[in-house]
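In structure tokens below, several structures.
Note that subunit A is present in both complexes that follow, paired respectively with subunit B and with subunit C.
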Partner chain A sequence: MSYKDIIRQLRLLPEYIRISFLQIAENKIQLFGAFFTTSINLVLYILFWGVITYQIPVLTGFGWVTWGQGELTFLIGMTEVAWGFGAFAWMGIWQIHWYITEIGIETFQIRPAGSIYQILATSLWAGGLIQVVVGGIMLSLSVLTFGLIVTPFSIILGVSALLIGQAALYLLWSCLCCLAFWIGKNEGILTISDALEYNFARMPIDIMPIGVQYFLLFVFPVIFISTVPTMIILNLIPLNFTLLYIGIASLLVIIWLIFLRIIWSRGLKHYQPVGG
Partner chain B sequence: MPFSLRLESYLAVARISFRNIRQYTTDFLTHFAFFPVQIIAMSLVYWIVYQQAWILNGMTVIGGFTFPELISYLFIAIIIARALPRWQLSIEVERDIDLGPLVSYLAKPIDYASFKFFSEIPRVLIYLLFGILTYLVTLLFIPLPLPSLLNVLLFIPFFVIAYFISFLLVFTVALSTFWVYRGWWLRNLISLLMLMVGGGLIPLSFFPPTLQFVFGLLPFQYCYYIPAIILQGFYLPEQLLPIALLSLIWLVVLWLLARFVWSLGRRKYEGPGG
Partner chain C sequence: MYKKPLYRPRKGAARRFVGFLKREKQTIRALDDVTFAIHPGECVALLGPNGAGKSTTVKLLSGILHPTSGQVRLFGIDPYHNRIDCAMRYGVVFGQRTLLWTHVPVLESLKLYQKMYDIPKPVFNERLKEFAEILDIEQHLHNAPRRLSLGERMRCEIIAALLHQPEVIFLDEPTVGLDVVAKKRIRDFIRRVNHEENVTVLLCSHSMRDVEELSDRIILISRGHIRFDGPKRQLKRQWSNERKVKILYKRATTKGWKRQLQDLPGVINLEVNNGQITCRINQTQIPISVILQTAMALLEVDDIEVTEPNLEDIIRDIFGAENRSLNQTMEAH
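This part shows the complex of A and B:
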């Protein structure tokens, strides 16, 4: 793909985003639903960590960070922000295996844009931004209530780590979805990935044993969903570690992007469209 | 239609559902990976909590649970939570109403709710079976408490009640599709409440007393918390009668509510096309 192709495809993006907003505006109750569920979700998880800190005031484990109620509340807000952005930008990865096995990818193939890009862009879900807003409010409240220290610089670094890390995670996930070219329906594999993300994203991974931390950093980088951005934004780790995390995330993005291109092109050779 | 014939047709539904599961065996089996992942994630956090409680206060028991008891509780609660109807049923009902297949169910001499109820049973039993196997395999590596035969026998009726209650909760919420287009957020909400307030992630005894009292008034605890602690033997058999009565009252209330919502929804439902 040439530089011009990439620019041409990116020019389509605002249009896809506009369509996504129009779709969500058609059914406003969904916006309310997203707001309502996110808020309840936050309350329930604050309750969860509240119950834990009711038993012991702070959590320290194998990392250096001490997680009190403030940091844990911030972590929950961060998870919602990350998942909200994920729902907005990356919802389409759930559709990849479905397009391969049931709908067909022929319609994407005949258009002058990358198929995965089209799947992702047509599945943009503006409702996810509600989750980002609610999560953002939660972050602000936790900063104000617990007197947490944040700086504009730490926010920029934290958000960068989140976006790059999330891209790494979801590119890996896209590769798993593309296995549908060979093994057909593979929701089970996605369930495993989902289980890993769902269960570990809300946890301060920093307190876990080193082996688990490495696994969730290099193999399945869930650590970038909430733990790393929280540690960076709240200035809980030194700058050199922040840069190291961002570097690792960038490297993972490159690796999984290359893998995705290889898997997709090989999968296409294996793909047989049926029907008409 | 005579009852025996009706029962036979619903059992046939369960058989077909079982065959559908077998069609995608590998895919179905990989779903079980959720058990260990969830248990490992939760156990790691609780391990740190117990370690620190021991270091700070010399505590080995939190909320009435020692660490092995808590891991055993999480295991059982997560197995029950995975087995009982939640997402799948809700999505199916929503799709039937939204996209139109409900019309064909209404034209058949069967009750839609009963059809869904029976078609869920094989999935529940298989999940339960695999959950038990996972627990037994884990016992080879980690010394977790093993439930007594009496507790297993006491657990069975409460698990059946839990199945009824969770089915009715999920089914009734899914019926909201009659009025709310794409009510995924209601589905999320009920699922979250079942998990958190029902003791799927944390035993209710960990909560402060006021919250324990409030959550005790709701039906969610009968889904996961109560069956799990009965299996663990936290209750004496004579303590179970009032709990059984309350859970049955909730079951009847939810059944009446489901019937009411269904009758209202059917009146509103329009299935155009052909």
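This part shows the complex of A and C:
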């Protein structure tokens, strides 16, 4: 794929986003559903952490991070923002194996754009942005209520960490989903991803044993979904560690992009079209 | 070539368990020794029974599949390894799949394709207007495909495949499930694009009417092998010696005329209905002139019409004979 092709494909992104919003406009009920579930989820998380912090007023980290009620509330908001953005931008990865085994990838392969790019772009779900908005409100409230200190610079760094970290995590899942070329349907892998994200992304990771932390940092980088961005935005870790985290996430993005390209191109040779 | 799991009933729990763990697989050659070249501007029909390898051929040519051996060249390059370059120059219509977003107006999908194929806006607007007028779907461009009928949607699909002025278009069952009016409109449009824009067309269709009206050359494919590759007329000459003769007459001049005609060698069947005789003859056994002379001697003839058999009959005969010989071989084994 030439440089010109990459630029042309990036120029398509606003069009895909526009179509995603048009699709949502056709199904408005979905938006209300997303708003409702997000709000209920938030209340449940707040209750959950309320109970925890009632028992232990301050969770002390293994390192220098101390998680008080304010930080935890911020983390809940950040989790919603991260999940909302994930639902918006990365919904397509959950469909890769489905396209390979059931729908067929022909309609993507005949177009002059990368097939995985098209699958992701076609599956952009604007409804996820509702979750981002609700999470954003939660973040603002936690900052105002608990007097957390946030700077524009830390926000930029935190958002960068979030976006790069999500790319690292979801590219890994994309690689695993592409195994469908060889093993057929593999929803089980997606169940693991759900379990990991649900159980670890919304927890202050650094209260866990160091081995688990490394696992969630280098193997399944769930830590980048919300914990790292929260720590960066709230200035809970020094700048050099912030840059280290962003560096690790960027490295993982490059590694998984290379793997994804290799797996996809090899997998295509095993592709058996659906229905002939 | 691909591997297909075999679902064979097994006796005994142990064998079933082994079969569950390790499924037997059969290697299938979807295409074998298939060689052909298509020249610019040609309209070629790829025909064959279900599972013959037609769609696989289209998928190889469009770079979706990679051959296990042999070479595929489109525009002189390998379409699999140069997929994006080739995709900019060809268009595909899959009758069974949609290239449009189901829930947003057709126009929005087409606008995306305009950017994807780098079509200049004036060219896009001009072609869209022209195609929409010809195919009579201007009013449907603002509807989502899910609200359109199959025929309307298919016309939109064809526009989506042709807006970027492709040099080649692959049509895989473009008229499947459509009514006669929609079929005709689509056929006329494809013919026009083929003649006026010199677009090369490769048509896979089970509708012989499509093939009769659109293509000049036919490639017959069966069980992954090419059975015939040549002009439509040659196929008719090569595979069918039959002719259909219609004779309109006022009255008979001789008694027992029907029997006399029926008994001529090479007359396959003869029907008489309201002053019209319809019969099928085998040309290798009897020249048409003999039939005509005999009919004129026996009847007061008003009009005579001799027609070639239609493509559907020929194709049915070819593949029917092939199936019969395969069944015989299997029985012998």
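Note that in this section the second predicted complex is superposed on the first by the 273 of 276 C-alpha atoms of A that agree within 3 Å, B and C clash if a C-alpha of one lies under 4 Å from a C-alpha of the other, contacts with A are read in each partner's own complex, and residues count from 1 in each chain.
We adopt the following convention: contacts are C-beta pairs under 8 Å (C-beta built on N, C-alpha and C of every residue); 3 or more make two chains touch, one makes a residue touch a chain.
Computed from a predicted structure; not experimentally measured.
Superposition of the two complexes onto subunit A shows subunit B and subunit C fitting side by side, with no clash.
In the superposition on chain A, A:Y271 makes contact with subunit C only, while subunit B stays out of contact range.
By the touch criterion stated above, A:E106 is placed in contact with subunit C alone, subunit B being left untouched.
Shared-chain residue A:I207: touches subunit B; no touch with subunit C. Which of subunit B and subunit C touches more residues of subunit A is settled by the count: it is B. Residue contacts after overlaying the shared chain place A:R8 against subunit C, while subunit B stays out of touching range.
Rounded to the nearest 10, the angle at the Cα centre of subunit A between subunit B and subunit C in the chain-A superposition is 90°. Once chain A of one complex is fitted onto chain A of the other, the partner contacts of A:G188 are limited to subunit B, with no touch recorded for subunit C. With both structures placed on the common chain, the touch criterion links A:N27 to subunit B and to subunit C.
Once chain A of one complex is fitted onto chain A of the other, the partner contacts of A:L44 are limited to subunit B, with no touch recorded for subunit C. Superposition on the common chain A brings subunit B within a closest Cα-Cα distance of 9 Å of subunit C.
Comparing which residues of subunit A touch subunit B with which touch subunit C, the overlap comprises 27. Within the complex formed with subunit A, the residues of subunit C that make contact are 2, 51, 55-56, 59, 62-66, 83-85, 87-88, 90, 92, 94, 96-99, 101, 103-105, 108-109, 111-112, 115-118, 144. Looking at the complex, you find that subunit B touches subunit A at residues 24, 26-31, 33-34, 37-38, 41-42, 44-45, 48-49, 52-53, 56-57, 62-63, 180-186, 188-189, 192-193, 196-197, 201-202, 206-208, 211. Listing the residues of subunit A that touch subunit B in their complex gives 27, 29-30, 33-34, 36-37, 40-41, 44-45, 47-48, 51-52, 54-56, 58-61, 183, 185-189, 191-192, 195-196, 199-200, 203, 207-209, 212.
Subunit A contributes residues 1, 5, 8, 11-12, 15-16, 18-19, 22-23, 26-27, 104-107, 109-113, 122, 268-269, 271-273, 275-276 to its touches with subunit C in the complex.
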